[in-house]
Amino acid sequence: MTLTTTIANTTKDTTMTTHFHGVIPPVVTPLTTDGDLDVVSYEKLINRLIEQGVDGLFILGSTSEVAFFDDEMRGRVLGEAKRIIDGRVPLLAGVIDTETLRVIRHIRQAEEIGVDAVVATAPFYAITGPTEIENHFRALHEATELPLFVYDIPVCVHVKVPVDLMIKLGREGVIAGCKDSSADDVSFRRLALANRVAGSPLALFTGHEVVVDGAFMSGADGVVPGLANVDATNYVKMYKAYREGDWETVRTEQDKATELMEIAFVPQGVVGPAAGVGAFKTAMQLLGTIETNTMCVPLPTLTGENVERVAEVLRRVGQLA
Amino acid sequence: MTLTTTIANTTKDTTMTTHFHGVIPPVVTPLTTDGDLDVVSYEKLINRLIEQGVDGLFILGSTSEVAFFDDEMRGRVLGEAKRIIDGRVPLLAGVIDTETLRVIRHIRQAEEIGVDAVVATAPFYAITGPTEIENHFRALHEATELPLFVYDIPVCVHVKVPVDLMIKLGREGVIAGCKDSSADDVSFRRLALANRVAGSPLALFTGHEVVVDGAFMSGADGVVPGLANVDATNYVKMYKAYREGDWETVRTEQDKATELMEIAFVPQGVVGPAAGVGAFKTAMQLLGTIETNTMCVPLPTLTGENVERVAEVLRRVGQLA
Amino acid sequence: MTLTTTIANTTKDTTMTTHFHGVIPPVVTPLTTDGDLDVVSYEKLINRLIEQGVDGLFILGSTSEVAFFDDEMRGRVLGEAKRIIDGRVPLLAGVIDTETLRVIRHIRQAEEIGVDAVVATAPFYAITGPTEIENHFRALHEATELPLFVYDIPVCVHVKVPVDLMIKLGREGVIAGCKDSSADDVSFRRLALANRVAGSPLALFTGHEVVVDGAFMSGADGVVPGLANVDATNYVKMYKAYREGDWETVRTEQDKATELMEIAFVPQGVVGPAAGVGAFKTAMQLLGTIETNTMCVPLPTLTGENVERVAEVLRRVGQLA
Amino acid sequence: MTLTTTIANTTKDTTMTTHFHGVIPPVVTPLTTDGDLDVVSYEKLINRLIEQGVDGLFILGSTSEVAFFDDEMRGRVLGEAKRIIDGRVPLLAGVIDTETLRVIRHIRQAEEIGVDAVVATAPFYAITGPTEIENHFRALHEATELPLFVYDIPVCVHVKVPVDLMIKLGREGVIAGCKDSSADDVSFRRLALANRVAGSPLALFTGHEVVVDGAFMSGADGVVPGLANVDATNYVKMYKAYREGDWETVRTEQDKATELMEIAFVPQGVVGPAAGVGAFKTAMQLLGTIETNTMCVPLPTLTGENVERVAEVLRRVGQLA
């Protein structure tokens, strides 16, 4: 198995070899206490991730709090990321919005800044079916030369992109791959199998943190773990071991990451990103990677007991003294 | 019972008397076949609605396909509506977007154009709880002098605004009212009762089409029926009869509207707005109110058999020869 | 078996002959503290309901805790009800179980005891679609001469019986009516309308407590309100006023019932029947109708603060001194 | 790590070493065309499974169509299984019903027939929370000396048993293990980790078919795959390789099983067990293991094109000529 995917981009009659694989964390957006981008922390974070050996960075994904930023802030976050990364690893940009025409505006912004790929969800807010999802990705592809990834995240958009549609769009070169945050591992296994049968047109990434070893067993090309913002080393080791067929190491590293991931389950009285991304930010602050754990309006920032609960997990796994 | 709501806007220390009541249709956006705003049809539609006796117009709601427009198109649709309405009835503007900062941008646009109230949903895309919802509406209220309505639409945002929170925000003058598209009539009845106990700080609108009589029984101040785009007369008569305590007429007019609403249930192989708003547009085209039944990308436009099914309902209820 | 329902349908000015109409409460099952049937309280409760003027009694519905009883206890509850009612009003028996063959066993038991109709849900536990639902009701009908009612309760069985299927089964005499506990009032209105068009083969009951006036506006033949166990008089007055076209009384009585229904919303830290039926039982105990508010294993019985919260509502509405 | 679990049954003050591990298929119930138990086919099927090397058999699980059988049929299916198995492998019996008292009746039946463990779901039909779930399993445990397994299957009972509760009940000896059919692999990984930390009181089984390798990575003690009814050899090899740390074989065998599992995804126009168990039965009939693919009332039996679709998968993977 080769993990480098060759995409026959039939509709545009170009053949390109992409290198989207490995560990590509969705980068957290560090904020100042008044909600502005904390550029110093951002620089520290991105450099740290690259030094830890990641294979790419996903900017403006759900973990970045993209849905909470206005367009200007999106531009700032993406522009600074572009400047800091400086070509050291591929930059994938989230272009998340309700429907096609709005997403295309974000694609334009991403193109102007200069990114390596764009990542779009199925349409949301309005109820839509397979027809709309297919129309949507075709329209996005027609609007750009950039590789287009499907961000399959039913917990946010409340619809699952069907396996068959994904394969069809992959075969035709409409999409270059998928970031699967569906938590539907049966679907992911079937997608991986169907993709291989189809000649592997798609680069397949799992959005999991605690069962990435299972996704590697399924043949995933990589992983997009939010937890890597706290520490990417387990995932980098895991991916390397996976490429070398060293499954015991894959499993051991996964167990370590799973223990660390408990930070996201200990906060009480909060839900969604306020708990998950909130725990990441809190851990990062405790570990000195970023300055504050401030969340974007209207999300509550973790305080008091919840900070202590996160610290306790960090101490238990030896990340904090 | 007075249906005119007096809002004691405590946080801003101003008392205002608003006149948000009656039939306030969410206006469909007529498009040309290439997806642009069809201004001629829009003028015809808005004038027709006002002539049929509506008490206000809700622009950029779900029925307008707001989620499918980019910001420029939103501005055009709202600006043209403002121009056409020309102060004849109140203009309520939807300011729908994922999270607080994005919604505030749309509020700014609405303020510049000059609207009478803004209508915002709970935050969506990210999972949020009551804390975020409360923070969200408080932040929106602080950002504007305009009356703020809650658009309670779980089918789109996947969370219900709790009755208690609504009353609390009403008492404090944070919100001026609610458009209830939750389809949870038990909740609406409890909201109406709690609102009366609280001194009626909120103007309460139902988003129903076929059980508006029930909402009137609950004490609703008005109705926001998408179906009124096809024909507003039943709703105007129903509301008048309601004010006069003529419940048999309320019921009879509701039955007529229910029969007409079958247009939204007959299309096959389509879901969501492609079926519902699609049926409205198709009926409006068949009746000569608008030029085309074109839907926004990526929604399929009703064609062939589905147009015939809509026509059949129109003939059955005597709207079409 | 006659499946033709005689409904005094005011809008149609015709009188028909079945006895399934009006207020038919789902009777709570009073328990001793060790979980046995409290026959003395049961007798008191049933007599009180009949004296308050109900038009029938629904035994072994969800409100009776039917799902918590073994077959022997079901037989006891149904047998005692039969004995106490003694033909004064029609007895409808719930025959609730996962799938067809199990339901048929309960129908046999109901037949032996002697009931006037049986009430069955769509199949549950296993995922099923419209084909299974149709097969299920057809098989039940073939197994019995008793009138068969559909108990449409998606909150428990996680599927909605489609309006079209209901009408089809009604036209063919497979089902005699429906108890609609779907909380989907749009569907109920469409069902009521389609039923009238079909010649009213179905007797339609709403399972609502707080928007029964809306259901009457839709043309319901009756109501099955759990709250009537606490006090049936509002519903009896409401139904009478409905038959007489006195809508202001309908509305006023509904408002009173809605205020009383707050007992079901005040308990904290409990969900489902432990809150709802628990509140009914607690109120009934406080009012002296039954001896204990004991719930069936594994449901927690309301105690302490929660009892006080229920009492507070009863005092507020003047039921308790 | 030892995969044989030692259960410290603290409340009953006995310590026992159980051997619940490995491949324990949920056995399909072969039916005659008129819906009776096909004993000859049942014998053939059970013998074949034991010959293929399974480590136990789960009778009266969802795959057996347990929810569709009346009590008499349940007794027959379980009694015949007991007779045929004749002590060669452990027999685990499903005791599935809505609530506690009903489940206890099935436990009595299972005890009389003589089984090695009972498997119960969380309560269903009525909405219940963690309190009810805990009360339920405690009451079941008090009612029997048999090892009690939690059958965690939200798709059927619409509630997930929380990880913390599972661990708590395991530590106290209330439950002996879990069959996880939740499809929530993150939860399963966290359960496996917490179980190890707690000293492994629970034997953990996955109900997956196509991502069993991932469950083994998580440290599962075994697997309960419905697909094994068609062919158990992949799972037997996979489990053996897992015990030997031969992960490449685990993965390869999983890929083969995944290809075979496509039989459950190809049927069209059917849902739930009619598709899944229906496909198993159809494949078993095509392969000569059972006589008919008849499903229990009200499930439709696969016919025509759907049988051909299943056959095509079997041919593709080399099971059928």
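Per-chain residue numbering starts at 1, and chain names A, B, C and D are given in the order in which the chains are listed.
Everything below uses one rule, namely that a contact is a pair of C-beta atoms (placed from the backbone, for glycine too) under 8 Å apart; a residue touches a chain by one contact, two chains touch by 3 or more.
In this text, all values refer to a predicted model and were calculated from it rather than measured experimentally.
The two sequence copies chain B and chain C touch through a face in which the numbers common to both exceed half of the numbers used overall.
With centres computed as the average of Cα coordinates, no chain lies farther from chain B than D.
Separation between the centroids of chain A and chain B, computed from CA atoms only, is 36 Å. Inter-chain centre distance (chain B to chain D, centres taken as mean C-alpha positions): 50 Å. Looking at chain B, one finds that none of its residues touch two or more other chains.
Screening every pair of chains for touch gives A-B, A-D, B-C, C-D.
In the complex of the two chains, the chain B residues touching chain C come out as 183-186, 188-190, 193, 208-211, 213-215, 217-218, 245, 247-248, 250-251, 254-255, 258-259, 262, 265. The residues of chain B lying in touch with chain A in their complex are 62, 65, 67-71, 73, 96-102, 104-105, 123-129, 131-136, 139, 155-158, 270-274, 296-300.
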